[in-house]
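Structure, as structure tokens:
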Amino acid sequence: MARIEIDEQRCKGCGLCTIICPKQLIILCSKVNNLGYTVAVFDPSAINCTGCTLCAEICPDVAIKVFK
Amino acid sequence: MEKRLFVRGNEAVCLGAIEAGCRHYFGYPITPQNDIPEFMSRELPRIDGVFIQAESEIAAINMVMGAAATGNRAMTSSSSPGISLKMEAISFMACMELPCLIVNISRSGPGLGGIDASQGDYFQAVKAGGHGGYHILVLAPSSIQEMYDLTMLAFDLSEIYRIPAMILGDAVVGQMKEPLIPHPRPDTELPEKTWALRGKGDGEQRIIKSLYLGDGELEAQNWKLHSKYQALKDNETRWEEFETATASLLVTAFGSAARIAKTAVMMAREEGLKVGLLRPITLFPFPAEAYAAATQQCKKVLDIELNTGQMLEDVKLSVTRDTDVFFYGRPSGTGSLPTPEELLEQIRRHCS
Amino acid sequence: MQQVFKRPLSLKDVQTHFCPGCHHGTVHRMVAKALDEYDLQKRTIGVASIGCSVFLYSYFDIDVIESPHGRAPAVATGVKRAKPDSFVFTYQGDGDLAAIGTGEIIHAANRGENISVIFVNNTTYGMTGGQMAPTTLLGQRTSTSPYGRSLENEGAPIRVTELLTNLEGVSFAARVAVNNAKNLMDAKKQIKKAFRYQVEKKGFSFVEVLAACPTNWGMTPIKANERVGTELSDYFKLGVFKNVANL
Amino acid sequence: MRYDLFISGFGGQGALLAGTVLSYAAIVEGKNVSYLPSYGPEKRGGAAMCTVVITDGDVGSPVIGKPSAAIFLNQISLDKYGSKIKPGGICIINSSLVDSTAFNRPDVETILVPMNDIAMQLGDPRIANMVALGAYASKSGAIEITSFEAALKEALPERNHKFIPANILAIEAGFKLGRGSSSLAAPEVIAQN
Amino acid sequence: MQQVFKRPLSLKDVQTHFCPGCHHGTVHRMVAKALDEYDLQKRTIGVASIGCSVFLYSYFDIDVIESPHGRAPAVATGVKRAKPDSFVFTYQGDGDLAAIGTGEIIHAANRGENISVIFVNNTTYGMTGGQMAPTTLLGQRTSTSPYGRSLENEGAPIRVTELLTNLEGVSFAARVAVNNAKNLMDAKKQIKKAFRYQVEKKGFSFVEVLAACPTNWGMTPIKANERVGTELSDYFKLGVFKNVANL
Amino acid sequence: MEKRLFVRGNEAVCLGAIEAGCRHYFGYPITPQNDIPEFMSRELPRIDGVFIQAESEIAAINMVMGAAATGNRAMTSSSSPGISLKMEAISFMACMELPCLIVNISRSGPGLGGIDASQGDYFQAVKAGGHGGYHILVLAPSSIQEMYDLTMLAFDLSEIYRIPAMILGDAVVGQMKEPLIPHPRPDTELPEKTWALRGKGDGEQRIIKSLYLGDGELEAQNWKLHSKYQALKDNETRWEEFETATASLLVTAFGSAARIAKTAVMMAREEGLKVGLLRPITLFPFPAEAYAAATQQCKKVLDIELNTGQMLEDVKLSVTRDTDVFFYGRPSGTGSLPTPEELLEQIRRHCS
Amino acid sequence: MARIEIDEQRCKGCGLCTIICPKQLIILCSKVNNLGYTVAVFDPSAINCTGCTLCAEICPDVAIKVFK
Amino acid sequence: MRYDLFISGFGGQGALLAGTVLSYAAIVEGKNVSYLPSYGPEKRGGAAMCTVVITDGDVGSPVIGKPSAAIFLNQISLDKYGSKIKPGGICIINSSLVDSTAFNRPDVETILVPMNDIAMQLGDPRIANMVALGAYASKSGAIEITSFEAALKEALPERNHKFIPANILAIEAGFKLGRGSSSLAAPEVIAQN
């Protein structure tokens, strides 16, 4: 089992991680961060994250850490 | 009341240019003048004009050279680093005596610097940034209306004197909006362009060049240019005076700095200080006589510039010999525009 | 559990000024990662250009020199010739490299300068507000091609990578994108290869990255990311166009 | 008379549009006006500010050192520029996003306007800037509220004219708040002296 | 008896400043001849560049504008766009066109400017005294490559015609020489064709002429003429490289 | 007697540069300075140096920027039109505070002009031809020995003050030959280059840039540059005086014009005329104090330049208030070099 | 029969005409013109000139006229 | 003492080399010297001129308005610059190529030297310039004839040192002519005053 951490303050809410995750484990929520962006969140209950790192690879803001 | 448009300075330049009959624009993007190419790319195609975004500032000014050589009104615009790149070609056009308009909505420098208002390019504009010691006509608008009016004037004078003309603005007059009263191009009598290339047809070959290798030819061309500059000095200096008649301190500033200074002068007058403002509108030819006249009585001048002291030299060279010239500069960059209050403080110091 | 994806060492842990969904961020990370992998950080001198990537020094933890618009390959030439043991790369946009900097890129490539060039092609002048670039696609509306770029007036978009492959000094030239899983993996690989070629003194190496500029394209980041895979990749084919090692 | 206003916020919050609309309103009233924008280097999310000067006579300096009124749409703006307001001036703060507890200027008239909340209540978060404008108009007396409709027509491109009624509502809401007479979110409006 | 070979009308009857055996003279005559044949003299605006051919206006009886070094294609663009009914050609050397003017030639070609370019490649900077040019051959000694041009330090000579054929705006691109009977005839033909393409508004047309510079090559005119047919033609292949009409 | 070489000024510059430790030359051909790249292309490879003929003057100065950024002594050379093209990059380097040497063996202009000696580039060199109102160090040799000596000095001062330096010569001092006594580079103490890029290694990141966007940062940088210029004015002005102590007419000229003027002054002295010569060696910083001192007594100055009047402005700004400054110019071009006899005639006019 | 005329004052003595003439009817003589060049001369007795114009085509100085 | 000489001819006639050799000879003698060349725009066959100033002290101007001596290698030079020679000066004309009948300067000492003919007699047409130099040396007294050998060694590249003897012969021939004591082509030597 793997998981990711999204740095809320770095996330700019571009949504690219949400479309690349093969398991669709990330969504943009309504929460607005300090910069005024609606941030991405990792489904806290997700058990099928494979740690494939794709979300992190595509994140332009290096806001995602992946653990496995 | 006339219809007033509410436009940025950059747009006012475009409106003025189009009204002046300019249909050929060549440029390259750079902040803070992008409104100009953007406006022109939208409007010129609608009136059968030519808009080309060149591959560089150098290509742009050389396209202007080509278009101007055919006798058409042509222009380019850029901002400080981009204007530096045009120096070689401007020197060529000065020698070739080609009319054209170059707009410098200058930014803060040197180097990449920043995109805020500054007057760091005064020397470059007025003292021949390119090689060979030519001059070009330099006009410094300080309002949106002037951005429009002086653009038209620049085209006319440029043709009358066969000299490249420059509008020297900055991020303030370029991006600021004010009401503008458009009006038709003045009905100035312009000389026939007997020099313009057109394909010789059945006429004589025409040549536009700057190479002179015959004995004494280039020197003669230099003196010819020199006398043109003298004629400009004699006939075309323009300036604004505000409360100078009774001043015992003469504030001087051009372009956007003059706007700020004017408010400071008004505030000082309200405090009872005897202050006036002399604002040169033509930077080349520099209105030396206005300074000489104003400093017959008033022996103190405070020059204010958004740099570390450039027009200062021309001011010193123009005032009467026993006049003292002081300087207050706020060079370049984010957060460095002086405020009227700040200038008032300077005025107070020099009045005491 | 182990952290399997980390911020590269050569990339500072700071917020960037890039817009949401801007691929510059992704490319920055990949370049930093490649520096890390060859342990180059300590001997790298980065050459920044003028464009949205001008703040290279704010994001990379390496020595950096800024260069005048378009001149990065000339500046890099000076750096590399004066300090041949350093690792030198330029990072340039399409306005910078394919317009004003045409002469510099072609001649640095032709001399076979032993430098690497990362060329981020987002088909527009990002920093100045979305004007037409030499790589703007036909029909694309920009702030200076408001009626769409036309073949008649502005000519076709320039394919820089293909153009450079004609020059003998080029050891490696590839075009990549960072818009989907496959392309991301490939992009990483080619950037690394380009860097390795410099390390191995094979001469000029070049990677063009097709990139999204959501802001100036007037698109959401997701739409912009998509456009890279469709319109952009259709015209600018991905692939390795030159590779001396394959000869 | 001579009025000047400084408006500051994130790019996207509409600081510049508010300044433009105000300027047009002044033009509608036959006044002179200067509008001076400035931006940060970022394309998105950076700072956006403008200064508007409205006069009957010569505008003079478009740059104002100590504005007699200011609108702060976000926290950074208030923190950075709050101290610049001229003593006796007006400070209009977007209390939806800005914490003004640390703002200590007893010498200016501070008005907290929950601009985003009001705009949301009116159904469009983008018109928070117009709420601010209404508040300014009422507090300063620089502009007749009736001038804004014509101003919006000039300021907005044709295709956005359909939003004018909503904008007017927002201006009116702000205007009432400025008067201290609004029923909308009234409890949050505090005028400090 | 009839005069079967005459000086072209468009060429003034004056002495040139060219060195003995300099091919610029030959190319001048051919260009003038082509102007005559299409009756273009009266509507031609020639664009001179900086090099030994700077005195274009002294030899051609046509309107001429001089341009700053390398910028002739930009100047020609301005002329042509402002006066689309005129016939516009540039005449440029290899230093001018392939070094400092790289950006201008590539972008004029890419825009498909409806102009013609005569490119006289003599593998050196003639006017300034024989310095290395981008087209100087490997091993060739010049006043700034005294030990011979080397691939490592200076890169390979640039083949401009081939490079330009990559650009869509180019309607015609050929390389010719004027060193022997066959080449002379072919050169005349290609120059005419290039001009015809402009007349027919087909876009950018380009003719590279391999030329001798006996003075700076340190050769007799006859030896220099020979070198064009050997060393130069070996590296710079003669032929028509692009011709839209053939498509 | 020491060994005397007999070389052209252009070669003397190269010898001086190499002796000064410069091993990086980047240039582009242009008359009348081609001896410099030609010499360097021959000599640098022999001493492990780098010679690159760049694709343009712009590329050349940017290569200098890169090489200089690594802390190496680097130089370029060109002539007037080529120097104009370098304006943008020079402005960058001024802001970046990068030492380097730019040699301008200027030719006659404006435009393509001609290849003869002229002093038309004074303004460009001294008043910031590029944008942003920076200055660079400008040295004006008037002999072959000075071409050598001042080149070395230029490198040292450039490093000490972190400022680009320029040798401003012309076709006369560039192509003339005179005996030269070579000597080792002076043992000047130079500051450590803590700014030079080298790959960060285990140290701190180093950045060389000219973009300053933080509030007040760019203004601060401008004032920093300004105080550097002030320090140069205070410490580094250099000039030559000849017979000035007893002069009632002070002739002034720089570079090659000063050579001609000196002979004229000698001829005038032989006629019993009280004439002296003041020759500025540093054009920036301009030796204003020398003029002020010399015009305490002598109230007439005759400025002679190979242009239509440029240094003239600095002279006027430097002399005492009641001094009258006259001008004699022979601008640019083939056949336009003044002769000593001609200048003597001018001196006579002003002495009567 | 054809013939050519060489303008002595224009000829710079480059010799290109001498090598291109298929009939070898042109030679460089020892005569020096006003410009100091040793000029080309057409064999005055030539009867086999074909008027092919090659000499004129290659002459960089347009010094040759061909008659036929 | 102060000497100056102006030499002018076609490119290729060796005007510049003559000036250089003379300069080196002055250096050999420990004097100061300046040598200022100038050219026309043509690469071949254009004009080539130089001015040499030789002094014990400060050279001063390398530009000479009225040279005290001049060597004219071709017609154009004489026609163009003949009038510039200082009254009382020396004018050395290459009578092999130059027609001096129209040259009317009774105020200068004119020496007609058939330089090319003499050079041909000595077997090398390229050394005509050295004949001129010899004539100048004898007429002016600026330089000892013995200094030329060392000068030629400096002026010529190593590979051309084999031509030095021929050059010396040419200088000597000119020197004798200058003295009016040559047997070579003596009838053509006319000294006018």
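Letters A, B, C, D, E, F, G and H name the chains as they come in the text, with residue numbers starting at 1 for each one.
Keep this in mind: a contact is a pair of C-beta atoms (placed from the backbone, for glycine too) under 8 Å apart; a residue touches a chain by one contact, two chains touch by 3 or more.
Since this is a predicted model, take the numbers as computed values, not measurements.
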Where the centre means the average of the CA atoms, what chain is farthest from chain C? H
Specify the chain pair with the maximum number of C-beta contact pairs. B-F
Computed distance of Cα centres, chain B from chain A, in Å: 53
Cα centre of chain B to Cα centre of chain E, whole Å, reads 39
Using the average of all C-alpha atoms in each chain as its centre, how far is it in Å between chain A and chain C? 26
Of all the residues in chain F, which ones touch at least 2 other chains? 52, 55-56, 58, 81, 88, 92, 96, 112, 116, 209-211, 213
Give me the residues of chain D that touch two or more other chains. 41, 45
Where chain G touches two or more other chains at once, by residue number: 12, 35, 37
Going by the contact rule at the top, pick out the chain E residues touching chain G in the complex. 1-7, 11, 15-16, 18-26, 29, 178-181, 184-185, 188, 214, 220-222, 225
Chain G - residues contacting chain E, complex: 2-3, 9-10, 12-16, 19-20, 35, 37, 51, 53-54, 56-62, 64-68
Applying the document's contact rule, which stretches of chain F touch chain C when the two form their complex? 24, 26, 50, 52, 54-56, 58-60, 62-70, 72, 74, 88-89, 92, 96, 197-202, 205-211
Residue positions on chain B within touch of chain D in the complex are 1, 4, 6, 115-116, 171-172, 175-179, 256, 259-260, 262-264, 266, 337-342
Write out the stretch or stretches of chain C touching chain E in their complex. 99-103, 106-107, 110-112, 134, 151-156, 158-159, 162-163, 166-169
